Amino acid sequence: MSTTLAFLGDFGDAFDYIFHSRESQAGGARVGGSELLPLLWTHLKVTGAAMGIAIAIALPIGLALGHTGRGAFATISVSNVGRAVPSIALIAFFVAFFPRTPEFWNVTVALALLAIPPILTNAFVGVRQVSRDAVDAARGMGMSGTQIVRSVELPLALPLIFGGIKTSTVNVIATATIAPLVGVLTLGDPIISGTVHGRAGQIGASIVVALLAVLAELALSAVQRAVTPTGVKLEKGASARASRLGTLKRRIQTVP
Amino acid sequence: MKLSRLLLVLLALACSAVFVAACGDDEEEQPASTPSQSDSGSGGKIERNDANAEVSLTIGSKNFTEQKVLGEIYAQGLEAAGYSINKDLNLGDQDTALAAVKSGEISAYPEYTGTALLAFFGKQADELPKDPQEAYEEAKAGFEADGLVALPPTPFTSSNEVAVTKETADELGLKTISDLEGKSQDLTLYGSPECRQRLDCLLGLQQVYGLKFKKFTPVDIAQRHEVLTSGRADVSIVFTTDPQIQREQEVLLEDDKGMFPPYNSTLVMKKETADEAGADLAKTVELIQEQLTDENMQELNARVDLDKKDPAQVAEEYLTETGLIGGN
Amino acid sequence: MIELVFAQLQRRDRSGGDCVADNGICPDWIADNFDRYLDPFWQHVYLTLVSVAIGFAIAFALALLAHRRRWLAPPITQVTGILYTLPSVAVFFLLLPLTGRGNTTAIIALVAYSLLILFRNFMAGFDNVPDESKDAGRGMGLSYRQLLWQVELPLALPEIMAGLRIAVTTTVGLTALVFLAGAGGLGEALFADINFRSNVLVAGGLAVLLAVVLDLLILALQWALTPWMRARA
């Protein structure tokens, strides 16, 4: 009972930590409040860079594969193996094998690799599920392959693509919390270095990271809704079940 | 029909997993590997006293190589003396370990006299004793006030030190820590996370030497040499017993203002634990520690860090090679 | 008093180049020391399987509840969703003072994480059951319980199994972090020497291997349980 009450008290302290800086647990360093801003900035930088790299790599490949229809098996495999690699193992791999690279880039590349599978998969499925009629019509009009991708398939695949980006972003935000283990000071630092920031720091930083993830999810969901053509929204419910793509989607496990 | 039955079986299996988890081991407690010794238990200097089996001790340690080796040595040595031993090594930094002893999560762990004086008892740099025995006495007094007992210290001392690569030392003409004055604002310092608030680490460098660094990056303490050799760090905080110093030809800067106290290792435990464990505990620990000299500790660290041996194995080697355990 | 005469340990000459001391990839060392990874590996397996099993049980119970009372589905999804946004590291550290170091803390956190995935896929599975099948069942006079167990759950199985696959692979990844809560696992082995390439390869490799093998096992189970999907594919 007293532990529960103490826990509730810790929350108040945690909110105080978020907004007011204070002396570290054993004294000597400043933590909390405005001291969190550099951590937040690094967290955002790492997330942004990782997502940028991931999208730059995964989107074109996913679109191309989806357009030609080849590589379904490869995409599924990448998705499965990608899920199987523990984030900490990937970060450790880069740190061990590229010790001379600045740790920021080691972490960013590791996170980018983790972010690729959902985007790749969703881009692939997104393009595959574009109605064949629309594509044939475009081909009939004389559009080249690239033009078809750009003007027909990509816009119609956007909802699913943003779904994949959403999943990846939330994952990267959460995973970036372990970056301090290798020297990249994100919002994970107060969580991991509890003896410096104190319990208030651990809880406070966790709240901030969770809020960040929720905000990202809400923002990207809004974007996802905005890019979904109304017709597709109405049709999605019925056709997803009936079409063969429903099976393919289930196999690959996209997140709508 | 068949399917729903199968699902019920899956559910039942899942529920039984709950019981497995509940009844299984809650702590990650591994019994210490029994070192090779003759069945009669005699031979070697540590004598087994079966009465000790009633006393159960959990040995903890902090989160770097030397600590893990020490933890293993104490665990295996005390087990040879007949105690029932569990291990919970690699707890974290000094604050985490101290909290673990106070909360009863572990029975004892090896702390350093200097660390205790600075991190626990708030001694200032100018109050630090230079003599290892004096440092121990002061630390012991400090622990006593908390109801803890600190056993007599080891011969070896493992001090924090400021290290740079040979190239950096030659380039900037560094011999003492004071030489960093005027140059440190262009240098990056890497240290453990708790370094920021320790007077024998970054805080001390700031207060005692008045140094400001371009950047301080906290990394896991196990990386303290890697960051120097890979060029990411200009300056790093290392321990004098580290084998990498010699191997990588790092230069230790002399502590001309006396920021670092002596750091002999002393086993810390609650008074009740010491009383319950009886006289054999102190006696066995003293026997174990006799041979923990600077050279021997360095050798043991080298076996883990350079030869990549398991700390448990290295501890066993120490105990057998010094004749504490086993026939010869 | 501290004595002055001691035995010296045997010392090796370590001045030369050495695969192991240079933190490289050393097959000999890996072969000699592979047994060091067995305990962490089995600990990893234990934590993963127990956590997913408990998560599955709880998610199943919640799904049955939400199936009966539809209005419960959104709140349950929200709560499990919130658990998911908390970084896993945070959950370990926050639980530590309450449940101490060791397996308990790890399992609680891992279960919480698998809950969202499993619950969401249970509900998706239920949603994907064609109305026609349910109507047919009702037409045949099946009760609510018979409809659930004989029609809906079998047809929801693909989604459920898919959720199980995701949950298992994700949990293997998260279990790599439980060493921060004192529960061992392959993460502990990995972090014991993060600079040593051989160590990173073996510890990391075993984790990936474990995830892939478990994934394939569940896929095989899914194949065995859904013969009608096999015919279609």
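Each chain gets a letter, A, B and C, in the order it is written, and its residues are counted from 1.
What we mean here is this: a residue touches a chain if its C-beta (ideal position, glycine included) is under 8 Å from a C-beta of that chain, and two chains touch if they have at least 3 such contacts.
The structure presented is a predicted model; accordingly, all values stated were derived computationally and were not measured.
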What chain sits nearest the middle when you go by CA atom centres? C
Between the pairs A-B and B-C, the one where more C-beta pairs touch: B-C
Compare the CA centroid of chain C with every other chain's and tell me the farthest one. B
What is the distance, in whole Å, between the centres of chain A and chain C, each centre taken as the mean of its C-alpha atoms? 19
Cα centroid separation, chain A vs chain B, in Å, comes to 38
So what's the Cα centroid distance for chain B and chain C, whole Å? 32
Within chain B, the set of residues that touch 2 or more other chains is 220, 223, 226
Can you list the residues of chain C that touch 2 or more other chains? 191, 194-196, 199
Multi-chain contact residues (two or more partners), chain A: 99, 181-182, 192, 194
Touch list for chain A against partner chain C, complex: 3, 7, 80-81, 83-90, 92-93, 95-97, 99, 170, 174-175, 177-178, 181-182, 188, 191-192, 194, 199, 202-203, 205-206, 209-210, 213-214, 217, 241, 246-247, 250-251, 253
If you look only at chain B, which of its residues touch chain A in the complex? 92-93, 95-96, 119, 190, 193-194, 196-199, 203, 217-220, 223, 226-227, 229-232
Quick check: in the complex, which residue numbers of chain B touch chain C? 1, 3-4, 6-7, 10-11, 13-15, 17-18, 20-21, 24-30, 88, 90-91, 105, 133, 155, 220, 222-223, 226, 243, 247, 290-291, 293, 295-296, 299-300, 302, 306-308, 310, 317-318, 321-323
Note: in the complex, chain C contacts chain B through residues 2-3, 6-12, 14-15, 18, 20-21, 29, 33, 36, 39, 43, 46, 49-50, 53-54, 56-57, 60, 100-104, 107, 149-150, 153-154, 157, 179, 182-184, 188, 191, 193-196, 198-199, 225
Complex contact set, residues of chain C against chain A: 23, 82, 85-91, 93-94, 97-98, 128, 130, 158-159, 162, 165-166, 169-170, 172-177, 180, 186-187, 190-191, 194-197, 199-201, 203-204, 207-208, 211-212, 215, 229, 232-233
